[in-house]
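Following this line, the structures themselves.
One chain, subunit A, appears in both complexes that follow, with subunit B as partner in the first and subunit C in the second.
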Partner chain A sequence: MAGVSLRRVRKSFDGQTVIRDIDLDIADGEFCVFVGPSGCGKSTLLRLVAGLETVSGGAVLIGGEDVTAAPPRARGIAMVFQSYALYPHMTVRENIAFGLETRRARKAEIAARVEAVAKRLELEGLLERLPKQLSGGQRQRVAIGRAIVREPRVFLFDEPLSNLDASLRVQMRIEIARLHQSLRTTMIYVTHDQVEAMTLADKIVVLNAGRVEQAGAPTELYRHPRNLFVAGFIGSRRMNFLPVRAEGMRDGAVEVLLPGGGRLAVPVAGEGARAGEALTLGIRPEHLRLAGGAPDLAGPVEVVEELGDEQLAYLRLPDGGLVTARLESGTAPREGETGALELPPAECHLFRADGSAFGRP
Partner chain B sequence: MTRHDDALGLARIRIRAAWMFLAPTLIVLAAVAGWPLLRTIWFSFTDAELGNLSGYRFIGFANYLERYEGEWLGLLADPAWWGAVRRTIWFALVSVSLEAVLGMIVALALNARFPLRGLVRAAILIPWAIPTIVSARMWAWMLNDQFGVINHALLALGLIDAPVAWLADPDLALWAVVIVDVWKTTPFVALLILAALQMLPGDCYEAARVDGIHPVRVFFRVTLPLIRPALVVALIFRALDALRVFDLVYVLTSGSAGTMSMSVYARQQLVDFQDVGYGSAASTLLFLVIALLTLSVVVLGRLRLDGEAGR
Partner chain C sequence: MNAARLAGRLAFALLLLAIILFALFPFYHALVTSFRSGSELFIPGLFPAALDPRNYALVFTQQNFGRTVLNSVLVAVAVVGFSMLLAVAAAYALGRVRFRGRGALMLTILGVSMFPQVAVLSGMFELIRALGLYDTLPGLMLANLVLTLPFTVWVLTTFMRELPKELEEAAYVDGAPPLTVVRRVFLPLLWPAMVPTALLAFIVSWNEFLFAFTFTLSAETRTVPVAIALLSGGSRQELPWGLVMAASVIVTLPIVALVLTFQRKIVSGLTAGAVKG
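What follows is the complex of A and B.
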């Protein structure tokens, strides 16, 4: 078992920089998720940790040891690929055992370890099958088994669930979480799905255009996004962004002018905010409430989505912007009616014009 | 008419259409392959001669084997024929084995990334693109004992003291034919293997790298089993060609100096000795030998494939 550290890691392909000076520390036993939109460099970063790509600059440390120049096999890692990467002509048993046979391990020991892994992943009845005779979920379990059996210091997962259908994905997600609980090995997991990131991670690393936008615990990223990108990326429903104008500072709060003319004191550390400055207010759909008294935001309801236990109402604001509110089932106004919403000040985020967030208590 | 009858009528029309589309091919095949084959088999039971193809009589199996004044005569008792059979099979085994190994090496090299790969891939096909007669003539000149460039080069390098009679020396001539055949057909084998290599799943190789499996082991345990179907097809094609080898031998040595193949033997009987009956018997046996070998390769190959699939 070992932690992983990246020191000013850089990677470029043919003069195009895809990873820019990334510094990152992943603690021993931590479940770290790299998340970001496609093309953000998350898979490349994982392949740099694996040693499948060589860094253009900087250093990769595993267990405190510099492995920047070491080949993949010398790094003590195991990797699960998006496409499973099973050997098509080998049975499940041979697939799992293949990585062990090189280490001059005794046949009986290999067989015992394969059996143990098969039992753990409920693959016992499938050991003599070929990959083509397995379902997608079973293949993914074989790929995981092939990684586990080598008892690596670090597990690397490259979008392992993206080829599975939605229900199987949830099931495998739980299996992977359980696996991490029992193995307590460091895991690095790449995904573009922020729900997977939120549910699995001890630490989420949000990547964008080859840079780390923010790294931290899931709740930290949810409550205290450092900038607009993270705020918009994390959360199962995208945060609403409203253009506002700073009116002035009161102690520990910035008073802003909302679209439609309402005023709101947002409790943020407002140092540096100037009156008249254009800012962005962020509020998550799940934090908007129907107004009891005078509304903060009002506008015609364009669409209501019925989800059974909840409703999503889309309001057109006076400035032309659209705002999404998650409301309790049966409470939303009808389409075409005017909706009136209240913004709980404590749930609001405030961002400067450059995208950076004001600190929240 | 009911719908059922309609459907039957439609099926009949489709079957008739299928036969109409097949008919030209079947007629041409019958004319250029079926008829000559049947005629050859028929002639093998006669005493026909090239100078007089109409005045022959049926003599049964006499061309193959007959007992005449206490002696066994006929093709099956002819040591020259059996020499040709042995030589042809030896030639096929050696040249196809060399082509498999070299073709594999070339394909693996061409599968790697390097600058100008496209150009090299095209260039390697040149020997295969040249007509056999032309390349055989070219090699005959290069291998010429007095004026050949190969002797010249070897002499200049000091590797040999005197010119070597590559095509006249019975110990060397068949090897010379093998070398030219390998030179010519390795690109074909390499291309078929390369096509198979490019279909291989790339992530399996990354998985093997992460798992620290030695590249040689990956080749024998992953690459080779995965490209075996393509390899078997390439080698069956090559083996059939090699067993029928004629033009190469005929141009290089005219079948002398211990290089006579089954095809060259049959031609010699047919044309040089004018003995159409005997030559036809040789051709028929050649056909049977190739058919049996092919059949056994296909059957054995399939049995092994089934055995694997059933595991």
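What follows is the complex of A and C.
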């Protein structure tokens, strides 16, 4: 068991920099998720930790030991690949045993450990099958089995669930969470799916264009996104962004002019905000409510999506922007009617023109 | 409509028949001739009057043909062995490792196979003699490698590139050093490509004439194609067609047997990688 630290890690391919000076500390036993849009460098960062790519600069430490120059086999890691990468010519048993054989473990020990892993992952009946005779979920479990049988210091997962169908993905997600609870080994998990990130992580690292946008606990990223990118990326429904104008500061709040003419005092630390400055107000769909009295936002409802337990209403604002509100089922106005919404000030985020967020209480 | 279709199928069948005849008639003729001897050889006819196995016995008793076949087998097996060993190692480097000049090296290897054999003959002769391998089987093995390596390397490299990169990486993460990865992961997956490639290398070495003719002198180091060309009859004026054909049939049989044995592998090898799955 060991923590992982990255010190000013840089990586470029053919002159193109894909990882820019990343500093990161992952504590021993932590479940850390790298998340970001495709091409943000999250898989590359994982491969740098694995040793499958060599860094162009900086250092990688595992368990306090500098492994920057060490090959993968000397790092004490195990990895689960997106494509599973099971050896197609070996049975499930041979696939799981391979990592032990390369370390010249004794035959009896190998057999015992393979059996134990097979039991834990419910693969007992499949040990003599070839990968091509397995379903997607079973292959995934074999790939995980191949990783845990070696008892590594750090587990690396590279988008392990992206090839599975939706229901199986949820099921495997729970299995991976359970696995982490029982093993308590450091895990680094790469995904582009923010739901996986939110549900699995102790710590989420949001990456964009080779940089860390923000790293922290899921609730912290959800409640206190540091900038527009993180605010828009985290959350199962994308945050609404409204162009607003600062009207002035007032005891620990910034008063802003909303599209359509409404005014709202947003309780943020508004140091540096000047009257007349163009800002962006962020509000999550699940925090918008139907207005009881005078609405903060109003406009014609263009589309209502019925999801059974909830409805998503899309309102066209006077300035042409579209806002999404998650409403309780049966309460949304009909399509074509005018919707009136209320913004709970405490749930609002405020961003400067450069994208950085004002601090929230 | 129906008649047109029938005519089309008939024409297709005829075409097939023509191709088969064209491909197989020479061998059939050799087979028939090998069972004839004496003046019967010069009577044209599609069927032998009688099956006379005398030529087959004569080839072995009169010409020390057994030794010649053994030489050919030794050379071909060694060439196939070395070709495969070197080609797999080279394919790993060329197909898997990124290094400067890889493309140029690949083209050079392909270029080597474009030289006509005669062009390298004299240079190769000097090389063989300098190494003290003239008139020896190892010398012939070395020379034949020049013929087989370019295409074995090229085919296996192409195939190696098709193997998913994650497999190799998974093995590295699993703690396997590069040689183990080649032996335990790549080799088993390359089998379908290696079998037909090895077979082609065997055929090339088995049929090779020019090097064998130039680099050997004595009957003890002669290979089959040379021995057949040098078969002599009872007198200077007589070319022993019966013996030549009997010897030809004998040396064709191992190839036919090999191809039939590995037929399924060859087909799967030639198409492998075309479609995933």
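Everything below uses one rule, namely that the second predicted complex is superposed on the first by the 361 of 361 C-alpha atoms of A that agree within 3 Å, B and C clash if a C-alpha of one lies under 4 Å from a C-alpha of the other, contacts with A are read in each partner's own complex, and residues count from 1 in each chain.
In this text, contacts are C-beta pairs under 8 Å (C-beta built on N, C-alpha and C of every residue); 3 or more make two chains touch, one makes a residue touch a chain.
These numbers come from a predicted model, not from an experiment.
After superposition onto subunit A, partners subunit B and subunit C are found to clash with each other. In the overlay built on the shared chain, the residue A:261 is in contact with neither subunit B nor subunit C. Of the two partner chains placed by the overlay, neither subunit B nor subunit C lies in contact with A:64. Judged by the touch definition given at the top, the superposed model places A:330 against neither subunit B nor subunit C. In the superposed model, A:79 lies in contact with both subunit B and subunit C. When the two structures are aligned on the shared chain, A:128 is found in touch with subunit B, with no touch to subunit C.
By the touch criterion defined above, A:50 lies against subunit B and subunit C together after alignment on the C-alpha atoms of chain A. Once chain A of one complex is fitted onto chain A of the other, the partner contacts of A:91 are limited to subunit B, with no touch recorded for subunit C. Note: residues 50, 52, 71-73, 77-79, 81, 83, 85-89, 98-99, 102, 146, 150 of subunit A belong to the subunit B contact set and to the subunit C contact set alike, using the contact criterion stated above. Those residues of subunit C lying in contact with subunit A across their complex are 164, 166-167, 169-177, 180, 184-185, 188-189. Within the complex formed with subunit A, the subunit B residues making contact are 201, 203-204, 206-214, 217, 221-222, 225-226, 308, 311.
Listing the residues of subunit A that touch subunit C in their complex gives 50, 52, 71-73, 77-79, 81-83, 85-89, 98-99, 102-103, 146, 150. Listing the residues of subunit A that touch subunit B in their complex gives 50-52, 71-74, 77-79, 81, 83, 85-89, 91, 98-99, 102, 128, 146, 150.
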